[in-house]
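If you scroll down you'll find the structure; I have some questions about it.
For clarity, chains are labelled A, B, C and D in written order, and residue numbers in each chain start from 1.
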Amino acid sequence: MAFNWFKYSSPQTFYPLAGRLVPFFAVLAAVLGAIGLYIGFFVAPTDFQQGEAYRIIFIHVPAAWMSMFIYLVMAAWAALGLILNTRLSSMMATALAPTGALMTFLALWTGALWGKPMWGTWWAWDARMTSELILLFLYIGFMALQASIDDPRRADKAGAILALVGAVNVPIIYFSVKWWNTLHQGASISVGRSPSMASTMLLGMLVMALAYWMYSIAVTLMRVRSIILERERNTQWVRDLPGAPA
Amino acid sequence: MNWGSLDQFLAMGGYATYVWGSYIVSVLVLAVEVVLLRRRHRTLRAGAGRSAQQPDTVA
Amino acid sequence: MWDAFVAVFARDVLQAWRRRADWLTSIFFFVIVVSLFPLGVGPEPALLRTMAPGIVWVAALLAAMLSLPRVFGSDYADGTLEQLVLTPHPLTVIVLAKVLAHWLLSGVPLALIAPVLALQFGLEGEPVGVLFVALLLGTPCLSLIGGVGAALTLGVRGGGVLIALLVLPLYIPVLIFGAGAVEATVAGTGAAGHLSLLAAGLLIAIVLAPWAIAAALRVALE
Amino acid sequence: MLEVRDLACQRGEQPLFSGISFDVSAGELLWVEGRNGSGKTSLLRILCGLSPAEAGSIRWRGENIRGAREVLLGDTLFLAHANGLKDDLTVVENLRFDARLAGMNAGADRVDAALRACGLGERRDLAVRYLSQGQRRRAALARLWLAQSRKLWILDEPFAALDAESVDRLAAHLGAHLEAGGLAVLTTHQEVPLPAGRTRRLRLDH
């Protein structure tokens, strides 16, 4: 590819580039979100089993997907930063973590609010919800580790090692929790979508997932811009920036 | 169209607490994240201008 | 290389022997935590019997975690860790020796004491044996995974609590398979599946964890 | 044998030094000078491969140490600011462990000889925790008498906390090491009788 990737891997060139990309992804997120909500509330029919409560899936499933996807992306950026020693990759990993944790929280919150009317309990030790909870712990561990190391380079590398160990562990954790869940039949409730899902429901969910995805990109780019400014505050180019944003 | 009136829409077939509880919290959380990030960036930019006048400050 | 492995292992064991009070503390911690549960949930024998595997395993997790800061902490403080990193031997071999010493000093005693504690909970016969085997297979995993957390938090603010945050979520599969093995025996479905999964987990941990620990140690010393 | 080109180092986000170049050949000693915080310790740690350099290259025996760490480590003896001794082990146990780890199967007599050379002969079976600061430093320095096969000595403040007699003994030992074609890089704040004619200086705080 003729595109010079390495040119943009320097924080100094990436900072303005990210600044130009943020509005693009933000608008995309807003438009997709509006379309998704319209489909979700006005096009998709009422579910004959779950009534209107099922409409929570339009924000629950995208949040759950993003929470897992962001962890993988975060681990990938962290690994890249560890191997190639590119500072920007590590900054991307650091910037992704809070958004990932937020998505995990939202997935748990909406899951609880969906669970209460559907099977009469806020929390079930179901394989998926338990894994989601553990994922939240992993995000918190990553952020706590990075926050408690003063030297940003050491924080980057330590975080990267932890993220990779976590990424290896996530499938093992999921498998073990699933195994544990099937053995304890008493507590198990099948948290599944109804088998015959109307195609408009699926469409609404996919559009909302795209909106969440675009939102995550926009927010991560915003955060990485702040991180760049914090880390590079002693460099000339940051000092030369106009004091207040345009 | 699923809803006859605004009231019906807000009632969500009796599941209002759960549906709107999910949506409002989600929107709020996402919006707060954006607001906090904008504020963080703005303070940093203002700080960048200040440290230009005192280049020797070590944080 | 083998010589370095033996030297590090022997030194850590000797060092621990000179400081045996430290290691006895975490073993007594294990005993006390396990004994607290009946006081908390009541002496109902049937309830205690169902809860026993989980309680013993959770207490083992906590006890193993408590002793983690010692694995690399004193070496980091007195400068021996630098000397270890600067030998021409692969760091993974040295790491493995240290983790093996940690397991011998923290994991093995837990496995030896656990059958006695199981009697407190009315477990007898085969489940006790399975508990012993499961702990023997599971505690080395705890030492290996915990070693990563210990290496990552070297010299870091609030290291002790941070280790718990990093390591406990990663311990979950060990907890599930370890406690599950005993429960399955009690239920009469056989523990072979659980135990072989624990063994598989141990193999994965032996292959991967030393790399992660070595990398984390290098980062800590930069 | 040791060639350093355009070395730069950063601590956190603060640049410490940059553009450092020097050569040390067999039989030479490099005395690294500088204020506190000028990066002396960081330089030594970069030289033995503990920390990565921000920029620049280090070649040992003509090979970049980034690719040939084992070669460098097999030739190097690094003595850090911390003594690297276990408080609970005796002096002789500590030394024997170091020797074994370094792959020198030093017999008991060699360890004893090294301890006697540092004036610790009668304290060999004392746990390190009962030693004074100076005695600890001497115990750490006893490695220099054990590891004569190591060509490159990197010593961070080796003379700190030593009495006059020990300073002279160490200086003489350093001289013998250089005489035998060894190399040394060290930092020190004291005016010590370093072997004349073989010593070069590097100031870090310009």
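Annotations
Simple rule for what comes next: a contact is a pair of C-beta atoms (placed from the backbone, for glycine too) under 8 Å apart; a residue touches a chain by one contact, two chains touch by 3 or more.
No experiment lies behind these values; they were computed from the predicted model shown.
Here A-B and A-C are compared, and the pair linked by more C-beta contacts is A-B. Closest chain to the protein centre (all Cα atoms averaged), using per-chain Cα means: C. Distance from the centre of subunit D peaks at B, each centre being the average of the chain's Cα atoms. Remark: subunit B and subunit C have CA centroids separated by 43 Å (rounded to whole angstrom).
As a whole-number value, the distance joining the C-alpha centres of subunit A and subunit B reads 16 Å.
Once the centre of each chain is set as its mean CA position, subunit B and subunit D turn out to be 56 Å apart. Averaged Cα coordinates give subunit A a centre that lies 32 Å from the centre of subunit C. In subunit D, the residues touching two or more other chains are 14.
Multi-chain contact residues of subunit A (touching two or more other chains) are listed as 150, 153, 233. Counting only residues that touch two or more partner chains, subunit B has none. Contacting chain pairs in the structure are A-B, A-C, A-D, C-D. In the complex of the two chains, the subunit C residues touching subunit A come out as 145, 148, 152-153, 156-158, 162, 165-166, 168-170, 172-173, 176-177, 180, 183-184, 197, 201, 204, 208, 212, 215-216, 219-220, 222. Against subunit D, the residues of subunit A that register as touching in their complex are 150-153, 231-234. Listed in rising order, the residues of subunit D touching subunit A in the complex are 11-14.
Listed in rising order, the residues of subunit B touching subunit A in the complex are 1-3, 9, 12-15, 17-19, 21-23, 25-26, 29-30, 33-34, 37-38, 40-42, 44-52, 55, 59. Listing the residues of subunit A that touch subunit C in their complex gives 82, 134, 137-138, 140-141, 144-145, 148-150, 153-154, 157-158, 161-162, 164-166, 168-169, 172-173, 175-177, 179-180, 183.
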